[in-house]
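The following pair of complexes shares a single chain, chain A, combined with chain B in the former and chain C in the latter.
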Partner chain A sequence: MTRQKRSHHKLKRAVAPYLYLSPSLLIIGLLMLLPMVTVIAYSFQNSAVLRRDPSFAGLKHYQAIFDDPVFWASLWHTLYFTCMSVIFHMTIGMVFALMLNSDRINPTLRNILRVLYILPWLFTAVIIAVIWRLLLEPNGVVNSILMQIGIIGSKVEWFSSPETALHAVTFANIWAGYPLFMVSLLAGLQGIPKDFYEAADIDGAKAYQKLIFITIPQLMPIIISISLLDFIWTMQVFPLIWITTGGGPIYSTEVLSTYTYKLAFSSYNLSQASASAVVILLISLGLTLFYIRYQKAR
Partner chain B sequence: MAEVVLENICKTYGNNFRAIDQLNLSVEDGEFLILVGPSGCGKSTALRMIAGLEDITSGSLRIGGTDVVDMPPKDRDIAMVFQSYALYPHMTVFENIAFSMRLAGKPKAERKKRVDEIAKTLQLTSLLDSKPANLSGGQRQRVAMGRAMVREPAAFLMDEPLSNLDAKLRVQMRAEITSLQKQLGVTTIYVTHDQTEAMTMGDRVAVLKGGVLQQVDTPKRLYESPVNAFVAGFIGSPSMSLFEATLTGDELMAGAFTIRLQDAAFVRRPGLRSYAGRKVVFGIRPEHLYDSSLQSGRKYQTIPARVTSIEELGSEHIVHLSIDAVRVDSGDPDAVQDFGLASNAVAKFEPVSTVRSGSEIRLALDDAKLHFFDPETHLAI
Partner chain C sequence: MTFRIKPAMLKIAAAAWLLGATGAMAADTTLEFTQWWEPELPAGSLRAIMDDFEAANPGIKVTLVSGPYATTRDQISVGAATGTLSDVVGLDGAWVNNLNAQNALADMNPMMDASKFDKAQVADIIKVDGKAVMFPVASFVYPVFVNLDLAAQAGVTKLPSTRAEFLEAAKKMTHADKNQYGWVLPLSLQTPSGVQNDMMSWVWASGQSMMANGKPALEGKPVVDMLAFVKSLNDAGTISPGIATKTEQEKVEEFVNDRVGMMIDSLAHVNLIRKRNPKLNFDLIPVPVVENYTGKRGLPYASWGIGISAVSKHQEEAWKLVQYLMSEKVNAKLVSLANAFPGNVNAKPDFVTSDKAFAKAFEIFKTGYLANEFTGLPVAEDLMTQFDVQAQKMLAGEQSPEQAAAAAQKGWMAKF
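The block that comes next holds the complex of A and B.
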């Protein structure tokens, strides 16, 4: 083989992997990277999109957002909504997974429960929003039951009262999201060798000790991975809140996604909306990097 | 320390499958008993019943004189070594060994002292901070032993603890476990399907088949005087070759050859005379068959055989043979592997033997070492 031929062969070998990757890289570039860069650019422009020759605005829009109390309220609501959702998704998912994995429950009942517990996962966000709007209506089923058993004295306007609205949407989101945890944890539970529990039985472990010393440490990789993913996804939830409360009443359920949407399509302030979107992007990016580092460490 | 006594133990599963049938076994204080048998014979089930991990359908089980049938595993004063070792991957070697003490709420200083002692005995001191994933198979095995030892139990139960190790390490660990058991003097019940382990490790060996105890005896007596064809076939490697023959006078007629029996054979087995003119099953171990062209084989009578294949192991040759006689199945599923398709007998020849695959030879046999079984019941005569 001549030297020229050899270097040609080397080049071919070096380029081949990138050729295989090129279709997906092209799609990601066009559909994700390009819009992202554009939005970042908009956030530094005055009257972005609306004007043909927008001027450079520096950090003006970021300043405006950080001066806006609604932005800070949205950030707080987003954190509350996300943290509560993740914590309860995990807790409920774990309890149900443990129940479905238990030998003490009759197998037929377990199969029925498995189907019932997974149901919320089958609905789209819009359907979940509609279901919970109907259930939590002042004249809805929830009020009627709670009044009958004496927990509340009068009808509560769950989605329309600033005191309860954020809790109500968070509750609906918890209901919609726990099956992911349940299914993942159940798969994890089924992968824990039975020997571990038998060895613990012989060593004299009680049920709660087996949970603390065996089950939870064994599930930890799943718990951390799914929690981080859930955190990233829940932070960006839009349709559920938009359809149930629209961010109201009086901004009490405003989250970063609805805040950004309103800036863009109600106030047509696309530059500020872009700045807000970049803030969401940075938070998500931070969490994603954390997730990737965790996965690498494993 | 304690003796373990099983009386009429039965285990029946929901689908009426009887895994253990009327098991009676008494393991003396400090004894090393091996439970052995082919896959599915119920040996692991029996061990798990002693541990309390399986319910006992009927019968009584006493450990150290206490009836433990209704006791949970933790109260039976036993420790178990699992086939998989069941080491917790998220805990260090120290934490694994100290786990039962931690559960019992023992103070940290006491845990450290005890674990250090055990680690020293098992040569694990330098590994106490390692996780099981970073240990070799042999080291993991030792950690599993340490976890059992830390509790100072009345009895050790071991469920095929060496089956995950490679052949060389298995030999080494076999010796380690045996000497450790002697050193500690703890009653030990050890389950295995490997009859080499059974023969080399235990004070006594209990052979199980289909949930029924076949024979409990010292390894030597099991080898020399098996009570039935199954035990004869199961104990010894490669397996004993068993054939059908007709006893005529003092001659065994099998296919195209005849084996002359000496008077001693009838003196040792008075019952054999009653089989005159009838069918009988005879068996011979590979080590009692010889190459007639060698010095070792010259003094014995010979029968014709064809060599089907040879495994040269260096120290000996395992020779697979085809002889003109009807082979009898001992009921040991593993024996089929020893014989293969074309052969019906196996012999161990000295490495100086020059027999070649495919050649017709005269096979010398030591007729004093023949075993005889009833053709119907397969019981030893």
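The block that comes next holds the complex of A and C.
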């Protein structure tokens, strides 16, 4: 082989992996990086999108959103909504997964429960929002039942009262999201070797001790992974809140996603909306990096 | 047998083709018309009107770019920013200020003057900074719908004409134990149009204004009185619960299901209401006014507006299309299809003679005047949202009508 041929072959070998990767890189660049970079650029422009010759604004729009008390309220609501959702998704998911994994429940009943418990996962966010709006409306079924059994004395405006609205949307989101945990944990439970429990039985361990010292440690990698993913996804929930409350009443259910949407499509302040979107991006990015580091460490 | 084509013949054919092609190019101007009306009209009806226009104006073709309202709004905003706005655009009054700020809409004043257009024939001309930027082609007015059976059961014999009478009637019709209320107020922040249709309509009905010298005047007596009136209705428990998240659609549902006695709603919903509850016995009345007011009543409305792109290369042809749609006969035909009221004051839609409810609404329309002060305001939807939040705070008992008006005024001034 001549020297020229050898160097040509070397070059081909060096370039080949990139050629294989190029379609994916192109798609990622077009569908992810380009929009992201564009939004970041908008956040530093005055009258972004709306003017053909937008001027440079520096950090003005970031300053404006940080000075806005509604932004901080939205951030707090987002954190409350997300943390409560993740905690309850995990708790309910774990309880149901343990129930479905238990030999003490009749197999037929277990299969029926399996279908029932997974139902919320089959509905789209819009349908979930409509279902809960109907159930929780002042003249709805929930108020009627709660009044009949004497828990409440008068009709509660679950979504329309500033005191209850945030809890109500969080509740609807918890109902919609626990099946992901349930399915993942059930798969994890089925993978725990029986020997561990048999050894524990021989040592005279009680049920709660087996749960604390065998089940939960064995499931911990799944719990952490799914919790992190759920945290990232829940932080960005938009349709459920938008359809049930629109961010109201007053600003009691305003979260970062509805705050950004209103800036963009109600105020037509696309520069400020971009700045708000970049803040959400940075928070999500931080969580994603944390998730990746955790996955690598495993 | 073989054919031999002589070069001369080829040249002649090429010349003829070129001539034909350029001729055709010169003759046909294609107008792009972006709107959300086509999906809301009976299938093919807007296209048929365009076909008639093309037949009446040889050499002009119209391409309809149609989509749902929200998509059209976004498309127009982006088109205005990038200089790719269609030649003719369907407009909502709430958008025109922003579009004008982007220099996206043509001033139709010179076109009207050049064509000696009779301005008296149109119901309204929307102007921003002195530029005529929009004509309302079809208007959907918002009268008060009254459930006559509920009114009769409550002993309301005379339908309310003043605010005091309305409050009394609402109180009589309210039976919270039976889930029955006098009035319904949708103030969802998702669609804050309730501020315009269900709140400010009380101000405009009495010939009053929320503006003064082109600036917001929310702390003035008209708006504060309206807020106090709405608060009194709420304090009396006459408003159906769930105000802060109620949408217009839910408002109509409650009326259809005999759960509210009165609502302010678009005339466009008459057929929907009849379809949902054919037995519902209802009547239409104008929005009640303040005591002793005898002047003309402002009638809240939403409209299908029309304008011309400032960057259109075919403004002359676009103006022909606008004129065509605003002409008496065509306008009557279009609004008859849409169950709307005409943009041309001489046009008479056919449904007003065939339908009692529409006939009554047409009378209300004829004796009053169209009023919607949000038309042409900057970021109209944002202004409604801000007012909505303050009204919600007032209804939640967190502030007085005066405080609500002052807070809304402060927010609005920042946008002007």
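As a working rule, the second predicted complex is superposed on the first by the 298 of 298 C-alpha atoms of A that agree within 3 Å, B and C clash if a C-alpha of one lies under 4 Å from a C-alpha of the other, contacts with A are read in each partner's own complex, and residues count from 1 in each chain.
Methods note: contacts are C-beta pairs under 8 Å (C-beta built on N, C-alpha and C of every residue); 3 or more make two chains touch, one makes a residue touch a chain.
Values in this document were obtained by computation on a predicted structure and should not be read as measured data.
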Simultaneous placement of chain C and chain B on chain A, clash or fit: fit
Superposed arrangement, angle subtended at the Cα centre of chain A by chain B and chain C, nearest 10 degrees: 150
Touch count on chain A, higher of chain B and chain C: C
Touched partner set for A:P138, first chain B, second chain C, both or neither: second
Partner chain(s) touched by A:S267 [first = chain B, second = chain C, both, neither]: second
Partner chain in contact with A:D203 - chain B first, chain C second, else both or neither: first
Overlay on shared chain A, then closest C-alpha pair between chain B and chain C (Å): 50
Touching residues on chain C, where the partner in the complex is chain A: 74, 77-78, 80-83, 98, 101-102, 179, 187-192, 241-246, 259, 379, 381-382, 385, 388-389, 392-393, 396, 398
Chain C-touching residues of chain A, taken from the complex the two chains share: 49-52, 133, 137-139, 155, 157, 159-162, 165, 242-251, 262, 265-268
Residue ranges of chain B in contact with chain A within the complex: 51-53, 72-74, 78-80, 82-84, 86, 88-91, 99-100, 103-104, 147, 151
In the complex with chain B, residue positions of chain A that touch it: 193, 195-196, 198-205, 209, 213-214, 217-218, 220
